[in-house]
Structures are given as structure tokens and as C-alpha cells.
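What follows is one structure encoded as C-alpha cells, with my remarks underneath.
By written order: A, B, C and D. Residues from 1 in each chain.
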């Protein structure tokens, strides 16, 4: 196992992974109260989407402005299960039809719609969280990529898909909870997800799943498929005339990104306690692209840092200058796109890293062992990426 | 359904109206202080952000995003109320300090900020939220961390939380009186229901339909358009074909502007009242964007209009204009938001403590004779007893009050027979 | 000669094109074209600009769909296949401008063209084993890039890029190799090297070349086809074609 | 669904819905023309298009204020025309500035223009909020623009609808003439088709880019100005239009003005017809679905030249 990992990932990449793990598993939980940590958990759910975007946009060149759709689908699947558990006949005795979710009762539904039935089962729900977005993505992707719709057109069509789904969810409120979403979720198999201890557990589950996705993404990027994606982005025709079915690869990577997003959405529902159509629309979908762009569209780790950083900035800004944060966000987006197209990761590898290396290769030293030169300087990135610990970063 | 109010002449009411006068006469401030109960240490036993001189509360509205348009008035009203309360000596001798958070028109952000206000800032009360969606998002947070939310908007009902005081009207209060009036006074027989496609308009129209059908009258059409829809020519054509007596419109946000402008442009002169346009969603705030000349002649049913001719309201409007400029308008929700801090103050003083549980226990029965809308009282179900008025829109953007319910109307968030 | 070909059994040809037509908004870029290529033949297509040369290659490799006609490769109809299926059938195509992956190294460029792991699962589980490495090194040697395997390809010269693309085709071992102006922009020395390379690699395959450089054509061609306005104007040995009055008229007339 | 109506009613339904569709069509064309130039000709995805429109609306609001307060009442009726001119130049000037500061660095990265202009739209929204307040502003219209003209008992034609239609025709013809006949138009097309060649023959491509972008934004300004008649003017109102606008342009085949007009016509007629027989939300969903469906079958849009690759 150990050797397999070291075969797949360079020691250098592993070091960076370890630093992120250290940050998320040790530093943040120790330095934050559960309220802030729960916020970090929420931000991390966006980084699932950002990782997916690194794969399909950064590597595959496919910009989707509808990732919120998949985030939402995953989140709704989870929310449906939790809502059913919360809607026991006892808890909903006040309704005209006890035992169904409250919003259905308000909309004169007298029995649970058929597509809600299977969500009584947790196993089915887990399956659905993956399968529903994957199948939806598959349909969209097959229709588009087999006909070679790409680039800007793909972006705009995914945007329209997001618009359609939002209107549908809001309009069909008897089945979906409408604009309010599915709220007031309480327990998972009797385990109260609103308590502090549950929030800790969910945070760590979220981190674990995040690393699962990170490893999967890294595996894909380091495989031949990753190089093919780069090749496709550059010269699609050449790849095609080297005997590859380009659309199959695009479909695969788009579905994979959708699945990542859906996992993020499900974790969002669990940690925040509700799901609403405001994640399915165009605005959140574009914001998620921005997280990815800020972190660096070619770096999966960058995507995680990007999602964390932008959201921390958003929270901080809106707490201290509520009327100014849009200016700051707008400027950030423009700045990143114009000055740092490869985002934080680009700045890191082109500006910071060489200097640190130079620092370590300074006079008086013989060439340091390879392990030293990579692991020691790499200790800084996590800290400088960690806005909660500014003093640490400067130290 | 409508309970006769016998509280106008109660001793408590007299004291409140006395307080109201003091509001107008700052010279009486010292007296107000003197009338406060002696402070004991049990004013705060639950670790709220209360010191010897200050108490922290939260204001949680959207100041950015699409809802900022609507929520700004509420923020202004809450700040004004807090300022006035502080000028009168605060609550239990403490000055109110507010922490304002931006919900950014985004429901999860509301939940996040609500949690911050309760968990980190330990605020003793939160005045905030506007849309039902934002309230639904914060509700579990308030229930879990036992906070107190004063929610200002008229809304669909179907909710009653121990942690929320609903200072706006729930749907039946607003709707039934209005329909009765239009049937009785305008001889309306055929209604066309119209709304933005989400829960409040749908639930409200459901109540309206049930009531209309109970009266033996007919609904000739019911239509919903997505939020943010800007093209209403199709539905206007349907209205023309169906020839209803009343167009009952619950369109919200930017769609409102489009709807009324297009209605007028399509040759439906609302001042002719055929069809009569009746709304429960357009306050003076919305008319600002629609333009008075585009909605002149439409009727609205709410509990408050800026033009209400009473002394409380005059003082309130003057104070509001003095603080925010002469051009400012005040809508129903703005007034309801203004009630929040005052209702909280009264409950805290009745309880003699900031503790949430004690404030909650003290809340039912709290009455406010100083309210700009007149007199309100908190019901056991945490909604307000209030009157419903009907206003006719004028070209200058104000409503002319043409009717006022005789008695206070009982709030009934779970109306039997209307679900 | 054309007449005679039609009666010969198609199995004798690697590639047989019959009645091929494609029209773009009414303009017939290729018009009722028939063409036959034998095994191990080097066929050069020449013709003035706009004669439809590149379009013919596009049609064969599936980049453009034909309006009418058939293209049979070893008895298999290509017009109904996708690009990658045509490649799998054994047709390789080099573009006019060198089409390589400039973000990747020479090694990676060749490795990606190695015909294994061509589906999603295969690409995910592809391993760089000894067979791959030795094949890549062998081809790199052949295209004169043996010492540049780890170089990023954006640093290569124009001629080297052309070779690399030829190498990327060779590693797939196609039975029909189509080259669009392989020596355009090359120095004289590079051109000679390329000619030698082509001679060497045609030992076990057929080659279809578009070229303008007549000297180069004369050096490599077994037979030459002259296209004009989407039709075959003349066909045969270089010598025969050069002396065909129709060809002379078209070239001089322009 | 037809059974509810008599045949004469049906006739007026179709007449009136046809007219409603025409108004919607005009609105779509006005929205999309500016974008068709910017996206179709330059390949820039301007997500701030809605905000440029709202700038035009705010200019109209300001102009009406000036006329109301500082100029004689007799010429108030005319302010709308002045306002449109001001809206055009204000939005155009902002467009030129944005092109200079931002867009020109991004021509090779079309998808990045999307992100950068999204950032721009956030900044503009907040700017409007700071300057004009968070509330919507009401733009008073001259009397002659309000009201309607009755063709028969059941068919009435809104005058501002007619005005929007007339304006659409004028602007469309103007843009078409400009692209076909004027120097700028020819230069723009030359630059679009072959940038290095255009530069080589002495066209100042940077200037052409700037003017084209400014023109597209200016038309958005005019659209925004016209929309004060039928919609709201607030900091975030521009967001209401952006998805529809892009779909119209893409559906029409990005590089063709004729395509934009045709697609606006198709979408508007489909939507207004469906709106009559279905609920508003479902009509919208169905329209979008059909558009997306057709785009999947015909990714190049309705109108596009089949070209040799």
C-alpha cells in the first residue's frame, strides 16, 4: 500500500497533502471553537466542487457554470432522507396529514410522493447522492460532448440548466419545499446532528471525504488520463486522431466532478442543517468557479485553499464592512483573473517556492538531502494559507 | 375570530400611553428612569452579553444582494427604535448596543450569522430576517441556542416558534378582512389571483381562495410567475379575457415594478376600479420603485400605512424623517420592524431580566400603546393582535386609508378550514 | 488508367475512394472523386490552392463528413466511423501545422500516442512499463529526437515538431499514413532527412502525402495524383503527370 | 384547453398574445443586440451586460430628475429621447474604460473574461447601491408614453410597447447598417475574421476593439433606458436579464445579427404562447428546455455559416 502511494505521488506532492491534513485535522480544530470550525466545515464542502472544477475546467478545459446543480442534487438527496426522519407522525401531529414533511402538508399533499418513498432508506440515500447527480451529469454530458459542444457554449448551456432546475425546485414547492428549501433537519438515525459533538464528528467526516476526493483527483491527474486531459485542452483534434474518443473522456471527467460536488452538497446539508435552491442557481455556481480560480485552476490543493480563503474573506469582510464586501470580492475576482491566472498555487510555485529553495540552498551548506529540501520549506505554505493564524505565518 | 379588545382603558395601557408622551418630550427622561424597577443581579443569569451599562442585541438583515432593496427600511427602523430607547435611558438601565450582520440575501449566510450573533456575541435579542426562507433558515439556530428573534414581515403563517415574536401580520389577518371589505363595498364577485411563485403568495392565495369560495363567489384564474419575472403581458391578456372584478396580486420584488407598469400600459386604468386591483404585497417602499402614477387607484390591505392619522404615527414619521431624510418612505414592514425593539424592551422590563426564558414567559400579553399603527398586543401564539387597514394608492406614492377594522384581529397562524 | 482501375477487385487496394463528394453550402470542395492506393505505395497529391487536397484527407480521417460516396479502407467503410474508430482501423493523419502537445515533453507526447489504454478505464490504469519505454525510445531515435526525450516540446524547432508528429503516428503503426505538407518550413538538410525517414517507414505501410515542393515529390513519390477543383485532373508517375498538358494548363493558367 | 373560450375570444387571444410576444421579442432583441456584438463579434463573455443596462436606466432616472426640477415643464415630454442618448454615451464610455482596463488583456482567454466581468458586475452593483441607494428608483414616464390604443373592444395596444418596438427596429437597422456600411463596421468584421491581416493592412485593431466594445455597451445602455418603461431599476435589476440574454445570442448563432433577431423572435413567441396555456413558471421552464434541447442538437445555433474547418 505504502509503496503504491509513493509510486503514484511524488514525495513532494505527498508533503503538501500532509501539510493540508495537518492544518485541517490538527491546527484548525485546536485553534477554533466549534462555531468557527463548523464554518470551516461548510467552506470545505465548497472545495469539493472546486476540486471537481480543477479536473474539468483546469485540466479538461470544460467550464461548467452549473456545478451548483450537482451540489444541490447531492444536498437535496441527503436533505430528503433527514427530512423524512424528522417528520415522524408524532413530531408532525399538528398537520392535517401527520407523517409527511411540513411543507407538503402546507401544499395540500396528503401522501408522500413516490420519488420520496425510497429516501426512507439510508443505503438508498447514500447511493442516490452519488448516482442521481452522476446520471444527470451523464445525460447532459453525453448530449453535449457527443455533439462536440464546448467552450463558451457549454458554459452558457450549463448556466441555463441551472436556471431551469432552480425555477422547477421553487415552482414545485409541494415536492421540494420551494424557495425555503428543506429545513429543520434534526437527526440521522436518531443521532442529533445539531449538537456540538455531532458537528465535530461531521467536520472530521467531511475532512476525510475531502481527502478521499483529493486522492482520487490526484490519481486521475497523475494517470495517463490526466495527461490526456491536458493534451485535449490544447489540441483536441490531435488526441482524436491519436485514436481516443475525446467525448468519452470529457463525459467521464464531468461526471466525476459532478460526483465530487454532490458529496460536498450532502456534507453541506449535514453540517448546516438545511438545503435550499439558492445553491442550485447561477450565482453560487459562478462563485464556486471563482473559488477554484483563486486557488489555482490547475491545483487541487489550491482549490481547497481557494475555497477556504475566499470564504474566510467573505465572512470577515461582511462582518466588519458589510457594505464594502462586494467591492472587495469583485476586485479579488478581477485581480486573480488578470494578474494571477494560475491563482494562489501559481503564485506559490512561481514566486514563493523558488525563494524558499534559494534560502535553503544558501552558502555554508552542502547540497541538502532531497527530503530536507522539500519537506522543510514546504512547511510554510499551509501557514501562509491559513488566515486564522496570521502571527504564525509571519513567525 | 375577531376578539373585542377591552384593553384600551386598562391601567397598563394608560402607563404606556404616558410613556409614549414622554417619548415626544425628552424632558421627561429623568422620570422614565425613576419609574424603572430596581435592578437586581438576576437581570442576566444565562451569560448573555449584558454588562452593568450595556446590553448587546443583533440586527440581521440583507444589506447586499437582491433583498437589500426590501430590508433596508427594517434596518433603519430598528436602529431608530434602539436610538430612541437609549435616549429614554435604555432597558433596565442598560444602553442597547447593536451588532449588525449582513445576511447578503443568502439563506445559509443568515443561518451562519444568526449562529454567530447567538453563540459568539451572546446577544440578548435579534431583530431580523425578512423573507420566509431566511426565517426558516435561522429558526433551528434560534431554537437550538435559545435566542429570541423579532421577525417583522407579514408572512404566510403555518409557524409558531417559542423563539420568535412575529411583529408583522400572518396571512389570515391580512387577507380575510380585505376580501370581506372588497366584497361588501365594491360588490366584487369574480377574483383573479396572481402571485410570484413561492410559498407566501401561494399560501396567501390559498387562504384567499377558500374564503372567496366560502362567500359563494368565484375565482376565475390563478397564476404564478417565477421570482424576478419581468414580462407580464400574457397574464394581463388573461385578465382582460376573464374580466374579473378584482385582480388579487401578490407579486413581489422587482417583478412588482414590471407588473404594475405593464398593467397600466396595457390600458387597465386602476383608478376606474374595473377591474379593481387589490394587493397585500405592495407597501410604500415598493411604490417608490413602481412609481405612484403607475399604481394609483390600487388597494392594499395591511396593518400600517405611512399616512395613518394618529399621534403615535406622526411622531414616528417625524422621527424617521429627521433621521433618514425627508424623502424617505415607511412601509408596513418598516413599522413592524420598529415595534421589535419596543416589544422586547417591554417584555424585558416586565420580566425584570434579559434571560430569554423569562422574556419569553413575559411576552404574551405585552402591549404597546405607543405603536405607530396604534395599539398592539402579543398573543399567546407569539403573533400580534392588530387591526387591518385598507389603503388606496395615490399618485404621490402614499396610501389613503379608506377603511380600518373595528377591532383588533386575532392572529391565527394555523387557520382551521383554510389549509 | 482510371477506367481500368474500376474493374479491379477492391481488395487489392489498401484504400479505395469512389464517387466522393462534399459540399459546403453548395460549394463542392470535392466533387465525385475516385482514388485508389495500393499497399506500400507512396502516393503524393498535388494541386493548386483550393483544389481540395486537405479536404480529401479530412474526409478520409473523418474530420469532415462526406455528402456522397464511399471510402473503403481494407474493405471497411470509413464514412460511417468516428475519427478515433478510423484511427483504430489503422489510418494515421499528420496535420499541415505541427499538431503536438506543447505543455508536455517529447516522451509524454509519444507515450500518449502509444496505442494502449485508449478508453477511460485503460487510461486510468495505464502503466509506464518497459514495453512503452523501449518503444518510445525506438521511435524517438527514428525521428532524430532520441536525445530530447525530456525536453518540453515548445522548445523544439519547427522541423523537429514536424518529426515529432510523424513519430506520434509511427508509434501507432498505422497501415495508412497521411501527411499534409510534411516538409513545409523545413531547412534543406531537414528536408533530406525527412525524405529518408519517409522512405524508411513506408516499408510496411502505405503513405498518402500532400506536398507542394516538387523536388521532394519527385524524391519520394511512387505515383502522383493531381487534384483540380475537387476532381482528379491527372494521375500516374511524376514524369507522366509533369508532361500532362491539362496539368500544365492548370498550373500555368494560375 | 381551448374549450374554455369562444372562437372570437380565441381570435383575440391569439391577436393579443401575438402582440405580447412581439413586445417580448423587442425586449429580447434590445437586450441581446449589444451582447451579440460583444460576444458574437469579439468573443468576450460580458457577464456585466445587465449592469450596463441598469446604468442606462439610472441615467434615464437622473435625466428625468433634471428635467423635472430644472427645465420648463413643457419640454418634459421629450426627456426620454435625451435620456436615451445620454444612456448610450454613458454606458459606451464605461464600456470603453472597461475594455481599456480589463478586457483587452483577456482576448486570448474568453472564459476568463466571463470571470473578470462577473467581478465587474459585483463592483457595479455595489457602486449603484452606494450612489443610488439600495431601494429601487421610480422613473417617471412622460404622459404620452403611458396608456394604450384600443383597436377593438378586447384588443388594446400599449403605447410604450409600440415605442419599444419602434426603438428596436431603429436600433437594429442602425446596428446593421453600421456593421455593413460604416468604416467601423467593416473594420470590425475584418478584425473578427483575421486579426493579423487586419492589423497588417493598417487597421488600428486596438481602437476597433475598444469602439466595438463601447458600441455594444452603449446599446445595452439604450436597452436599459427603454426598460424603465416596463421594468424595475435597482442595483440588482440587471441580474434579471442576463441568462435570457445569453440564451438569445447563443441560440441565434453567435456571429450573426440576423440569427439574434430570429432567435429572439422564436423564443419570445414560444414563451408568450406557452404562458397563456400553462402557468408562468412552467412556461419558462419549457421554453428554456426547448432552447437547451435545440442547442444540443444544433450547437452552432439557428444561423451560422457551414464552413471548412
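Basically, a residue touches a chain if its C-beta (ideal position, glycine included) is under 8 Å from a C-beta of that chain, and two chains touch if they have at least 3 such contacts.
Just so it is clear, the model here is predicted, and its values are computed rather than measured.
*Asks:* Based on mean C-alpha positions, I'd like to know which chain lies farthest from chain A.
*Replies:* C
*Asks:* Two chains share more C-beta contact pairs than any other pair here; which two are they?
*Replies:* Top of the contact-pair ranking: B-D.
*Asks:* Based only on mean CA positions, could you tell me how far chain B sits from chain C in angstrom?
*Replies:* Going by mean C-alpha positions, chain B sits 76 Å from chain C.
*Asks:* I'd like to verify one number: the distance from the centre of chain A to the centre of chain C, where each centre is the average of its C-alpha atoms, in whole angstrom.
*Replies:* A distance of 45 Å separates the two centres.
*Asks:* If you average the Cα atoms of chain A and of chain B to get two centres, how far apart are those centres in Å?
*Replies:* Inter-chain centre distance comes to 38 Å.
*Asks:* List the centre-to-centre spacing of chain B and chain D in whole Å, with centres computed as mean CA coordinates.
*Replies:* Inter-chain centre distance comes to 37 Å.
*Asks:* List, in ascending order, every residue of chain B touching at least 2 other chains.
*Replies:* In chain B, 63-64, 197, 224, 226 touch at least two other chains.
*Asks:* Which positions in chain A are in touch with at least two other chains?
*Replies:* 167, 170-171, 323, 326
*Asks:* Any chance you could list the residues of chain C touching two or more other chains?
*Replies:* 63 - these are the residues of chain C that touch more than one other chain.
*Asks:* Where on chain D is chain A touching in the complex?
*Replies:* For this pair, the touching residues of chain D are 39, 43, 45, 47, 102, 105-106, 109-112, 114-116, 118-123, 125-127, 129-130, 239, 242-243, 246-247, 250, 279, 281-282, 284-285, 288-289, 291-292, 295-297, 299.
*Asks:* Which residues of chain B touch chain D in the complex?
*Replies:* So the residues of chain B touching chain D come out as 63-66, 68-69, 72, 197, 223-226, 228-231, 233-238, 240-241, 254-258, 261-262, 264-267, 285-294, 397.
*Asks:* Can you tell me which positions in chain A touch chain D when the two form their complex?
*Replies:* 57, 63, 65, 143-144, 147-149, 151-153, 155-157, 159-161, 163-164, 167-168, 170-171, 282-283, 286, 289-290, 293, 323-324, 326-327, 329-334, 336-338, 341
*Asks:* In the complex formed with chain A, which residues of chain B make contact?
*Replies:* 63-64, 100-102, 104, 106-109, 111-112, 115-116, 119-120, 131-133, 136-137, 139-140, 144, 156, 158, 197-199, 202-203, 206, 224, 226-227, 414, 419
*Asks:* Would you mind writing out the residues of chain A in touch with chain B in their complex?
*Replies:* It comes out as residues 33, 35, 38-39, 42, 94, 96, 102-103, 105-108, 167, 170-171, 173, 178-181, 183-186, 194, 272-274, 276, 278-279, 315, 318-319, 322-323, 325-326.
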